[in-house]
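Let me begin by presenting the structure, written as structure tokens, before commenting on it.
Labels run A, B, C and D following the written order; every chain starts at residue 1.
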Amino acid sequence: MLRPAKAATRTSEAEFHAAPGAVEQVRYGCALGALLSVIAIPNAVPITHCGPGCAQKQFHALSGISGYQGGEFHVPSTNIGNREVIFGGADRLDELIDATLKVMEADLFVVQTGCIPGLVGDDVENVVARWRRRGAPLVFAETTGYRGNNFTGHEIIAKAIVDQFVGPSTAPKRARRVNVWSALPYQNPFWRGDLGELKRLLEGIGLEVAILFGPASDGVAEWKRIPEAAFNLVVSPWLGLGIARHLERSYDQPFLHLPRLPIGARATRAFLAQVAAFAGIEARVVEDFAAREEREHWLYLRDFSAFYSGCTSQYRLPSQVIVAGESAYALAVAGFMVEQLGLSPGAIVLTENPPESARDGIRAAFRNLAEGVDAEVVFAQDGPTVHRLIRDHDRHGEYPIVFGSTWEAGLAREIGAPLVEIGYPATDEVVLSRSHVGWRGALTLVEHVYTTVVRASTLG
Amino acid sequence: MAINLRTVEAETREQRLGTITQWDGSASQLAADSVATHGCGHARPGGRRLCETASPFSQASMCAEHIAVTNATIIRDSVVIQHSPIGCAASQSFTARYARDLAERRGWKPEDPHSVCSNLGEQDMVFGGVDRLAAAIREAFERHAPRVIFVATSCATGIIGDDVDGTARALEDELGIPVVTLHCEGFKSKHWSNGWDVIEHGILRKLVDRAPAKTDPDLLNVIHLGGPDVFTPLVAPLGLRVNLVMGGNTLERLAELSSAAATVTMCFVLSYLATGLEQEYGVPEIRAPLPYGLDATDAWLRDIARVTGREDRVEAVIAAERARIAPELATLREKLKGKKGFVAAGAAFAHGLIADLRELGVEVDGTFSFHHDPMTDSRDPRQDSLGHLIDTTGDVPNFTVSPDQHFQAHAALKRANPDFIVTRHTGAMASLAARMGIPVLPIFYSNDGLAYDGLLTIGRAILRTLPKKRFYADVAAHSSFPYSPAWLAETNPYAAPPERVRAEEPAC
Amino acid sequence: MLRPAKAATRTSEAEFHAAPGAVEQVRYGCALGALLSVIAIPNAVPITHCGPGCAQKQFHALSGISGYQGGEFHVPSTNIGNREVIFGGADRLDELIDATLKVMEADLFVVQTGCIPGLVGDDVENVVARWRRRGAPLVFAETTGYRGNNFTGHEIIAKAIVDQFVGPSTAPKRARRVNVWSALPYQNPFWRGDLGELKRLLEGIGLEVAILFGPASDGVAEWKRIPEAAFNLVVSPWLGLGIARHLERSYDQPFLHLPRLPIGARATRAFLAQVAAFAGIEARVVEDFAAREEREHWLYLRDFSAFYSGCTSQYRLPSQVIVAGESAYALAVAGFMVEQLGLSPGAIVLTENPPESARDGIRAAFRNLAEGVDAEVVFAQDGPTVHRLIRDHDRHGEYPIVFGSTWEAGLAREIGAPLVEIGYPATDEVVLSRSHVGWRGALTLVEHVYTTVVRASTLG
Amino acid sequence: MAINLRTVEAETREQRLGTITQWDGSASQLAADSVATHGCGHARPGGRRLCETASPFSQASMCAEHIAVTNATIIRDSVVIQHSPIGCAASQSFTARYARDLAERRGWKPEDPHSVCSNLGEQDMVFGGVDRLAAAIREAFERHAPRVIFVATSCATGIIGDDVDGTARALEDELGIPVVTLHCEGFKSKHWSNGWDVIEHGILRKLVDRAPAKTDPDLLNVIHLGGPDVFTPLVAPLGLRVNLVMGGNTLERLAELSSAAATVTMCFVLSYLATGLEQEYGVPEIRAPLPYGLDATDAWLRDIARVTGREDRVEAVIAAERARIAPELATLREKLKGKKGFVAAGAAFAHGLIADLRELGVEVDGTFSFHHDPMTDSRDPRQDSLGHLIDTTGDVPNFTVSPDQHFQAHAALKRANPDFIVTRHTGAMASLAARMGIPVLPIFYSNDGLAYDGLLTIGRAILRTLPKKRFYADVAAHSSFPYSPAWLAETNPYAAPPERVRAEEPAC
């Protein structure tokens, strides 16, 4: 029987440090913001032990101002007041949990703490443990706001669920089953559609896929079956690696780390080929699947080449890709634009404050985006700093295009570039199921990018 | 109890006004109890001590810091420092969106407003964050050359006890511009509307011209939540100019507050500033009930005319306005006949919207008020907006006070079963109603329902909203809430959490 | 053995009349423009016998200025000059066909005539017949510019291929096979993706689908198998009905006419239910398929309801749908906006100059868009007339949104409405595989419409 | 042969200039043959009678009506009547797009230009369409209050013989504004560039001020195809103002043409207007070779200076310009070293682009010219742009003349195998090259390559284009052309169509 490694309610695998200096134009949430990762699991509900505005701010920002995704916000909260600050809030939490189990219905509740309990010293672990002993489907994740951001909080939550809810397992492994760890829900406005398409692609080569978050997931039931997977697949430059390592220790599950979320034919073929090799699936299976998918794909790109080559050539089609965003989508989008559309990499600023230990790996992932084409990346969180880095980067003779957030609107105008919003905050896109992953997603991205380019000229 | 501008912190609403956030019953009972307890409305029979209800269940709500910081951020030429861990600054994104939208409505240049998070980490919790704060203030000054800097506290800095005021004073001296502290720790009050008091306290203390050269007899302060200027068309015929404050206005407008002929508030939730202006600078506060519905609007205009000495002109304005809107108002009443509405909004604003709906012929028997203030800072009974509502339009049988508690709103809406809902603070309420199949009229700009035109604006908006039932009903039929069956059936917002038999739970 | 009914090289089923009066802001091509319908059939190539600019103008307009679709334009043409006008062009055409068969490679060539051969009296039918007798895969379609538009030309071409290429058939009918006649290729910028999704939906209830045009089609081979279908399905208010009637006469194939291209859950369910009933497929099959498709669909709309109900309610969400476009897409889009999103119908102007005989049927299709909600439609081709009709329609108290073409840009601005381009000419959209059909397409349309709405405010 | 403004129709290029559209060989041979046949360039050895090639295969091309109507439509305050069946008016959509883009580049208000199709049907073919035409003209006048109306003919109206000029004259009298006929039936010429002559003929006849009060010694007519004004920065230092015509300018600019000090054309394809202005109004036409490449630009500026009497200033301008661009030019040459380009464009413009590429150090051994004009209307040998190109930069071994024939371009590109292609009239050429895996630099605004800055503009554009090889190569690898294998292997654009064995064909 396999057991989870050490309890992991509190620390992320990768150690977090608040970035030095003040931050303007904030681009991520605090660790409590990972409550959106709980909401992203169908049939899971977070219970927050924090101040009155904390949970709502995180939710409203990351679900509302990130493509207006909306979502399930019925979050129980202690809304900590003066009394709890002075006398401690553990009793109030206990009362709330009791009431929650009566008023609400879910397969899993994740108790998350904010800044205040950390400062006043509530023993939340003990409160939650008592309920768990009584059989309530409750776990505790310490997501103290000043100790991490929503990225590290996401890992904390996943590990808490694994350790406290999934638990030890005797289930046999299923040879073709995989757990996928990729987009950070809500932070990335396209996570729902992308995870859905990632699942479809992996199923296309014969895998049984636990996608774990979003509409394409079976929800809590899927989490329960995590130990059954033959392996974990991390599709992100660094996020999820901590979880995969934890699962490797807990369930002796190996993992495959592919930093680049695949967009377009080359990346998707390479991605599936690597997964297939790792999973022991024949190359022919990938080839057959790719051939079926690509028939229409290339017909569309064949026809698009008329526009791209200039049949309506008054448009200044971009030649240099500038990105300000989290490393995962920056890599995916810059990779596609460079590798498949033949743009040159410009300033690429990664904004999620990834742990220091992950940065070399991230830098490496941006090398050889296309054969012989490297992108140099820089890390920055503060808006004016991000913009200075972009402004100061060479773009002589280029037509730049900016992939970024709403914060880049003024900058893009300043350098005469169209802006495509790909990350939080994103106020100019309403996103439902749109995906950029794989062959189909690449076409969607092409449509979107060049519609933006065209409008920059036609609606000017 | 007078407003005390000598302290850096505004007293909370609970302390000053007896504000409650949880209650359920008839509006008339609530009004009577408020008067019985706090004595600031028209006495009415049956009043007893106002007893705040409670529920062991509660859901994530808003905080005062959010209101204070938002409204400081959108002041022109300002920078706000959120002295906090990064999470509090999540609101920057929606504040920026709001500022851009405001700019569009007001014809201003759309620009991102400036707010900076001091970004406190674990080390700062241990050793204190004032150095980071000072650095952030200096950096903000360098970057944006603001004319004022606000420093907002957070739960974390409140608990660790950073000397924010000391730092602010030091930097004020160093930089030569006002550095205004906003004490808005979320845990300090049960209601977000304290955020208004906090920013208004700051304005009164530091931004109002403390020694105005003279009073401008044609200048009328209008304190609103933000949005289109619906006031100028209304009072310009009286020869008044509008000094519209809050909602992203300039420092000049704030300075001018003390030299105006009078102050009106668009909603008594904002009356801290109005009362403070009267107390400190003798600018009279218009006390007439808010201008929701025809008669109230007439009376409000007359009171403004009286206070500013323009009685000679006001009757003509009233007659002309009434005549202008009469035909469409009649049409709207015809089309809205037989409809039932539900209002969810904050206190006096909710009372106003109910008056509007009733003036339009819409039935309202249920309301969800995010808080209840038994009195206003002026303590003038004329500002008893709930009492006024009941007196002029009748009781509201089911009147729920609750700070956007989703589960309680579910019960209240199930009880009311309205044809549509009008709501502000739409985060939880709008999506809840939508999911229940109820058409939603969200009010973002709270001036929409004001005065004569407000009736038309709201009436048209309802007509736009009703056909969307088709969308909401389909979504309702295909989605569910994570509430227990017992709670889903509940129609009493303050019912006790239903006991459940959990077969799977072991005895221990 | 079944034989085609009378030869149909020349007349459309529905008689065409040039609209009275001059036309500004032209919204369709001439009959020769149906060369794009030939190009839309994989492995078919048109051969044009017309003046030097005719074919290129039609192609550039309908493929380029209609979402920048691009496509295969290698069209052989006689580029008629002075000599052919004076001495006749039949010999030149004969020479061109001979050269074409040497230089080009295709499974089917469709010889189309423009205005000049009609006026100078070239006997094209005879030229083509000679080549057909020698076994060349050639058909002749008279697409004289002054005798029709690209809609009627489309029907002429389809019938010409059926009569002259598909020909008599002894193949047995396949019980589950259907030929689909729907979007006019290229005229509708979304025809490729929409036909693909229509095919997927019909396959979802167990049909074998000949989609006939576009990337999802098997091309000429699929046309050859037209007689094998159990029935024809016309998904359009009128276009294709002439073809279906012709096929009924030719191959004794019944047809089902469903005017509304389905967008959204209600329309798609109703559509599939009607097809299933006609095809003798059990209702349960539709129900099962719909249930599978709808699980994620409603999760997305559930979450979208937060935006729609006003969680970020500063946006003026539209309340009245105004359309200027061809009847098929006008019906599909207005139907969805009214039935599923709860808008009220405003001015609806149908611009493709449909035959008089079809107009009552079109009017009828716009009734009961949602229960008890009728839309009144008007017909007009001329831009300023279209705009006057829209301007004069009541929209008091409403927030209008315009679905139309690029010609509506100024009008939309004038009445303060966002504009969504759904038809030719469309210069503000780059379209590849985007589809609005069915459940998935509805989500795409919602994203697109509300992104447009949001941007009307955020980018103002 | 002088330009004849008394006739309503312009003579075709074939008649006036001996224009051919089909030929293949070396550029030097073509130049020599042109001189030998038409006698208007520098005589060079080996010339023989210019013999137009032919191919039995041909693909859909452009027509003169398109050019004439487009350029009439974009003239400000005009309406164009396309007297035709609806199909000819398909171009309205791209003309509107073009007009909006022009407006953006020139800083004009973006507006849809006005063109109206008389929309002829079968009845009109039988009974004539002049009534429809007259109605269309009147309607256009009512709607748009234009200051000029153009009436463009079509193949159909040309064949049925509608009296377009009579109708135009009658309506001109009735409406009191010029009604200018444009005789541009597509079948009347083998090449679309006649459309330029047609519109220029109309301008010369009806829109130029026929009796200018005086000559403006500082005004330089610049006739261009449309696009950004790259001329003013170039000649302003000489004290010249630019009267930029074609490409959407105003009627005032057209009227002024006759009072300018001189005329330059951006491309000799446009020289009809320049020659006409010299012939009719004595406005001298600058005859120097076009300003492509450093030396040619120097010479062109000197010639302008000479004709307008500003020799004293020109050398300083030349020196300054050369110095300004030198550093970047050196960088571009370095980066482009070893690259091979291919040019596809119309006649003199193609020659200019080749000069640019060679000045940038790019090899060019193949070119696709959409037509070839053995001489210009001025008959001045200095305007022999092909001869000038060869003399100054060397021969082009493979020089194909063909009006955007896709199948021939395929062969020519296969023969050249370039690293990139520069092309105008991108409808067929750009997508062809793309599909062959060749990076495409499309030229929409033909001023891009002009003068000193043109070298930088083109150089930068090539550098932007080259990495896109990655896109084009992938598309090429995954798509095919509907040509026979034999033709796909062909590298001679004028090879005879390959004979094929068609097994499936019956013997009869």
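The rule we apply is simple: contacts are C-beta pairs under 8 Å (C-beta built on N, C-alpha and C of every residue); 3 or more make two chains touch, one makes a residue touch a chain.
This is a predicted model, so every value here is computed, not measured.
Novice: More C-beta contacts across B-C or across C-D?
Specialist: The greater number of contacts lies at C-D.
Novice: Can you spot which option in C-D, A-D or B-C is basically A-B again, with over half of the contact pairs the same by residue number?
Specialist: So the equivalent interface, with over half the same contact pairs, is C-D.
Novice: Round to the nearest whole Å and give the separation of the Cα centres of subunit A and subunit D.
Specialist: Each chain's C-alpha centroid was found; their separation is 52 Å.
Novice: Quick check: how many Å separate the C-alpha centres of subunit C and subunit D?
Specialist: The separation of the two C-alpha centroids amounts to 35 Å.
Novice: Counting only Cα atoms for the centres, state how far subunit B is from subunit D in Å.
Specialist: Centre separation, subunit B to subunit D: 65 Å.
Novice: Residues of subunit C touching 2+ other chains?
Specialist: Each of 60, 64-65, 70, 72, 299, 301-302, 305-306, 311-312, 427, 458 in subunit C touches at least two other chains.
Novice: Give the residues of subunit B that touch two or more other chains, as numbers and ranges in rising order.
Specialist: In subunit B, residues 94, 97, 100, 427, 431 touch at least two other chains, as defined above.
Novice: Taking the touch rule as given, give the residues of subunit C at its contact with subunit D in the complex, in rising order.
Specialist: 17-19, 21-26, 28-33, 43, 45, 48, 51-62, 64-65, 70, 72-82, 84-85, 95-96, 98-106, 114-116, 118-120, 133-136, 145-147, 149, 384, 406-407, 409-410, 424-425, 427
Novice: Which positions of subunit D touch subunit C when the two form their complex?
Specialist: Contact set of subunit D toward subunit C: 55-66, 81, 85-94, 96-97, 100, 111-112, 114-122, 124-125, 132, 135-136, 139-140, 143, 154-156, 159-160, 185-190, 192, 406-407, 427-428, 431, 481-487, 497-500, 502, 504-506, 508.
Novice: Residues of subunit C touching subunit A in their complex?
Specialist: Listed in rising order, the residues are 60, 63-65, 68-72, 192, 196, 215-216, 295-296, 299-307, 311-312, 427-434, 440, 443-444, 446-447, 450-451, 453-455, 458-459.
Novice: Any idea which subunit A residues touch subunit D in the complex?
Specialist: Residues in contact with subunit D: 265-266, 294, 298-299, 301-302, 305-306, 308-314, 319, 338-344, 370, 373, 396-399, 457-458, 460.
Novice: Under the definition above, what is the set of subunit B residues touching subunit C in their complex?
Specialist: Going through subunit B, the ones touching subunit C are 94, 97-98, 100-101, 104, 110, 423, 426-427, 430-431, 433-435, 439-445, 459-460, 463-465, 467-472, 474-475, 478-479.
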